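Should a chain be cited, it is by its letter among A, B, C and D, assigned in written order, with residues numbered from 1 in that chain.
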Amino acid sequence: MIVKIISDVERIGRNTVTIRFSWDQKVEPGQFLMVWMPNHSEIPISISHTGPLKGITIRSYGETSEAMIGLRKGDRIFFRGPYGRPFDIKPGRKLIVGGGSGMAGLLPLVDSRAYGVVSARTSSDLLFADRFAEGHVTMVTDDGTAGIRGFAIDGVKSLQLDEFDMMYVCGPELMLKSILDYVAHKSIPAQFSLERTMKCGIGICDSCSIDGRQLCTEGPTFSKEELMGMHEFGTTRLTESGKRIQIGRH
Amino acid sequence: MIVKIISDVERIGRNTVTIRFSWDQKVEPGQFLMVWMPNHSEIPISISHTGPLKGITIRSYGETSEAMIGLRKGDRIFFRGPYGRPFDIKPGRKLIVGGGSGMAGLLPLVDSRAYGVVSARTSSDLLFADRFAEGHVTMVTDDGTAGIRGFAIDGVKSLQLDEFDMMYVCGPELMLKSILDYVAHKSIPAQFSLERTMKCGIGICDSCSIDGRQLCTEGPTFSKEELMGMHEFGTTRLTESGKRIQIGRH
Amino acid sequence: MVHTDTTVAGIRLSNPMMLASGILDENGYTMLEILKKGAAAVVTKSIGTSERTGYKPPVVVPIQGGLLNAIGLANPGIKNFRGEMEIALRGNKPVVGSIFGATADEFLQLALDMEEYGATAVELNLSCPHVAGYGTEVGSDPQLVEDIVTTLKSKLKIPVFAKLSPNVTNIVDIANAAHKADALVLINTVRAMSIDIHARKAVLTNRYGGLSGPAIKNVGVRYVYEVRKETGKEIIGVGGIENTNDLVEYVMAGASAVQIGTALYTQGKDIFSRIEANLEKFMEAEGFNRISEMIGVAVE
Amino acid sequence: MVHTDTTVAGIRLSNPMMLASGILDENGYTMLEILKKGAAAVVTKSIGTSERTGYKPPVVVPIQGGLLNAIGLANPGIKNFRGEMEIALRGNKPVVGSIFGATADEFLQLALDMEEYGATAVELNLSCPHVAGYGTEVGSDPQLVEDIVTTLKSKLKIPVFAKLSPNVTNIVDIANAAHKADALVLINTVRAMSIDIHARKAVLTNRYGGLSGPAIKNVGVRYVYEVRKETGKEIIGVGGIENTNDLVEYVMAGASAVQIGTALYTQGKDIFSRIEANLEKFMEAEGFNRISEMIGVAVE
């Protein structure tokens, strides 16, 4: 395991923190770490800050992420990585679509010209909407407490897609699916970062697989074209035990 | 094991052959190989030809060397290496003193200005005396069948040592000892290549050691100064079992 | 002409390589992909009677020389595995169902289900080194091993492979106990552990795990050689194979075929086709026409 | 202030590192040199009652991840070893006499000679994996292990270390059988084999050999941890240690001291002083003042 001292913990939303630590390692947007909380578990977390002072942004969903957001400056953080295929960044104007904690992995892509569709269940869960330039963001909430009431796809539909050179999407798989269905036959190129159960992070345990490809090594980013041919995308996945289940909203 | 096809076997004396094979590996004069004869044993052999077409020169003393001199062109040769600290070659005029098969490891040092003292039990055992330039060699035999009757040291004593910039010596340890004793307090610098029982070739089995140093890794070449401080040099060594015995003539 | 196809326990294989149990073989689509990539057969991850989530991660730790794992026999339960078998079998190549249980009866039920699902053979995991009550605890008891194998052989039509543990004092005793199996699979992982010195704690949640990869290759070769020499049984070699030379080493030690696991991580999925191409070259250069000519040639 | 000195079985060591048996320890002068280079103690190569030349070379094969060896217990016989002990003892540091035998009586005679020669302790090689009648064949029989250890403890004044084999189904049984020993040494080499695919033959003349080096480090850590946890005994850890982190991993798994063998080949003789310097830095950074504070901290 790699071990680093936490230089800063910033609370950035309800149950959500960004943990910073210096780590002299080249990482690219879209890559992730397997972060180990001794006495809890090891979970995949995207790298939200890819400069020399690295950062990860965690929302607490369960035992391990809960423990992780309790970490303090000066504590140690244990992890392995970086893992995964990064986004293939295309020059030009970016459309960034993030659902829930999915925005964490998209943050390194945000630049002054990027436009964001940031969605969440409720307004206090909206992540990194403030990182886009003035007027460059559409917010979407399930409950309508901020921005458009609806799902991420509704935010996307409200935009003129041909203004953008590439679309980058991350969030729950059903959200990704709804967006893929919408853009499938449009000319905008798109890349999607998926989340599935991950145990090994290195392409051997098969828990994260989709249509024979491992999210942890061949993904988590996939192009529109790659996803379009996949049977499992948006339909079924394996649980921790390896049992096949229908994909539902989290 | 490294395996090579033998490109040539040259008989160069009584029970002595040179085996050639191409091997794309930098080796330096004084280094050796651990040569494996499957179904026999594995023995240390100096590299007598250090160019791209490598060569080793073997005299048959026992089972394994006997089998080795029976190898033919087209056969395979198995070995590991190169091992050992090479001679530290000093520019200038070389005095090369070889006893018996000890000449094999000295051969790569022979150049047009080098002078040789080549010794053996009897004339038919003299090795590589013909490789020195006309008039640049003194032969010595125990039985007087060629050159000076006596031991290598007698050949050395017949020379003006201050004509040489470095002396390189290889042969039975008692021969080396007699020469060291002679040159110890003379100004000529000298290097000696030793032979002791070798099992591993990589500095762990302790069978080749002398005064805490391993012939196979820290030797087999040692400078005059290094040897002068050694208790074991020319006095005792360990046998294959690890039993300490007095060093006698082979 | 060089032929890289071979036969083990009567099963024809287009080359001597199978995917090892537990690596990329819980999802039917992944198995299908591995078959497309050139594996001659796949072995499923070990399946038990009921669903288990296994241990909490870390369940795999990359270490020098290989991997350490303690997945904890996570599996969906045999009934939930039918669908994955169906998908994998679309590859039209052998699919071996690996199963684990605590008793002969459990193994039998699992094996009958696998047979019904269309498995080409069953592989008995008698050797998982890190779950109490299963694996090695079963596989180091010669009487129990004999019971299980005998029971299965009397009821099944498909071949039975017995996968043995290297974590025993005398492998030949166990191999003899499993003598009715159609082939023996050697070896499962070697029991090991990794401690994180900064966390001051074992990394695997289960603390103990199984070592796989290059670190155990020469251990596997030794078991294959010894069991081949002492029992003459057909053997499938596994442990640390990551290139053609490794495969040949196992075959010369007595393996009729091999399985590859950890190298999927270090070498990628192209490993099967890459090794197959190099194997042809090796056989050509060394004058072997068929795999069978190489099996056990080093055994003496 | 950081202190790297420690104690095992009542023997004071200037640091936790000893030279492992069988590596650079058949010649007294070499042992002396290793002590000068920073080892806190040396263990001699294993000595038996009579002279043995061992197997014909190849007796050592460098392989990926370490070394394979089958020296075959070459040794000059105990009577011829007195001289080497005398030379080694000039180092004024502990010299542990390793011995091997087939019976409790043989072990006793050897141990009494070692004691007379001035050995600081004796280490019983109950674990050499490749000579019939010795080593593992002795060390996997709990009754015989208990006999040997009990006999020696009743007659010797110096401490007794029992070196155990990893090639057993249940190490805890053997460790319990050796419970009267002052310390347990874990592990000896793991049984393995290397085949040369061009020669179509096992490389070692003895065919089977013992695997050492990094490949077995995590295996050794596991044995130390398990035996420490289950028996609480004092342990000397050995197997694949080549840097400070490896040493600390063994200590946190429960070792009071360690031995280093194969790394002499990969890292050279300066390994002892290099590790000692880095160990001080590690302890300082991690807030440990003494080795004893680290022993077994990962055991839970």
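Please note the rule applied: a residue touches a chain if its C-beta (ideal position, glycine included) is under 8 Å from a C-beta of that chain, and two chains touch if they have at least 3 such contacts.
Because the structure is predicted, anything quoted here is derived from the model rather than measured.
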| item | value |
| --- | --- |
| Contact-graph distance - origin chain B, target chain C | 2 |
| Shared interface partners, meaning chains that touch chain A and chain D | C |
| Chain at maximum distance from chain A, centres defined as averaged CA atoms | B |
| For chain A paired with chain C, centre-to-centre distance based on mean C-alpha positions, whole Å | 36 |
| Intercentroid distance (Cα basis), chain B paired with chain A, Å | 67 |
| Mean-CA-position distance for chain D and chain C (Å) | 33 |
| Multi-chain contact residues (two or more partners), chain C | 198, 201 |
| Chain A residues counted as touching two or more neighbouring chains | none |
| Category of the chain touch graph - line, ring, star, complete, other | line |
| Touch relationships between chains, expressed as pairs | A-C, B-D, C-D |
| Touching residues on chain D, where the partner in the complex is chain C | 63-65, 68, 136, 140, 167-169, 190-195, 197-198, 200-202, 207-208, 211, 214-219, 221-222, 225-226, 245, 248-249, 252-253, 282, 286, 297-298, 300 |
| Contact set on chain C toward chain A in their complex | 23-27, 29-30, 32-34, 36, 45, 51-54, 56-60, 62, 67, 71, 74-77, 80-81, 83-84, 196, 198-199, 201, 203, 205, 261-262, 264-265 |
| Complex interface listing, chain B residues touching chain D | 1, 3, 34, 36, 38-43, 76, 78, 80, 199-207, 209-214, 231-232, 238-244 |
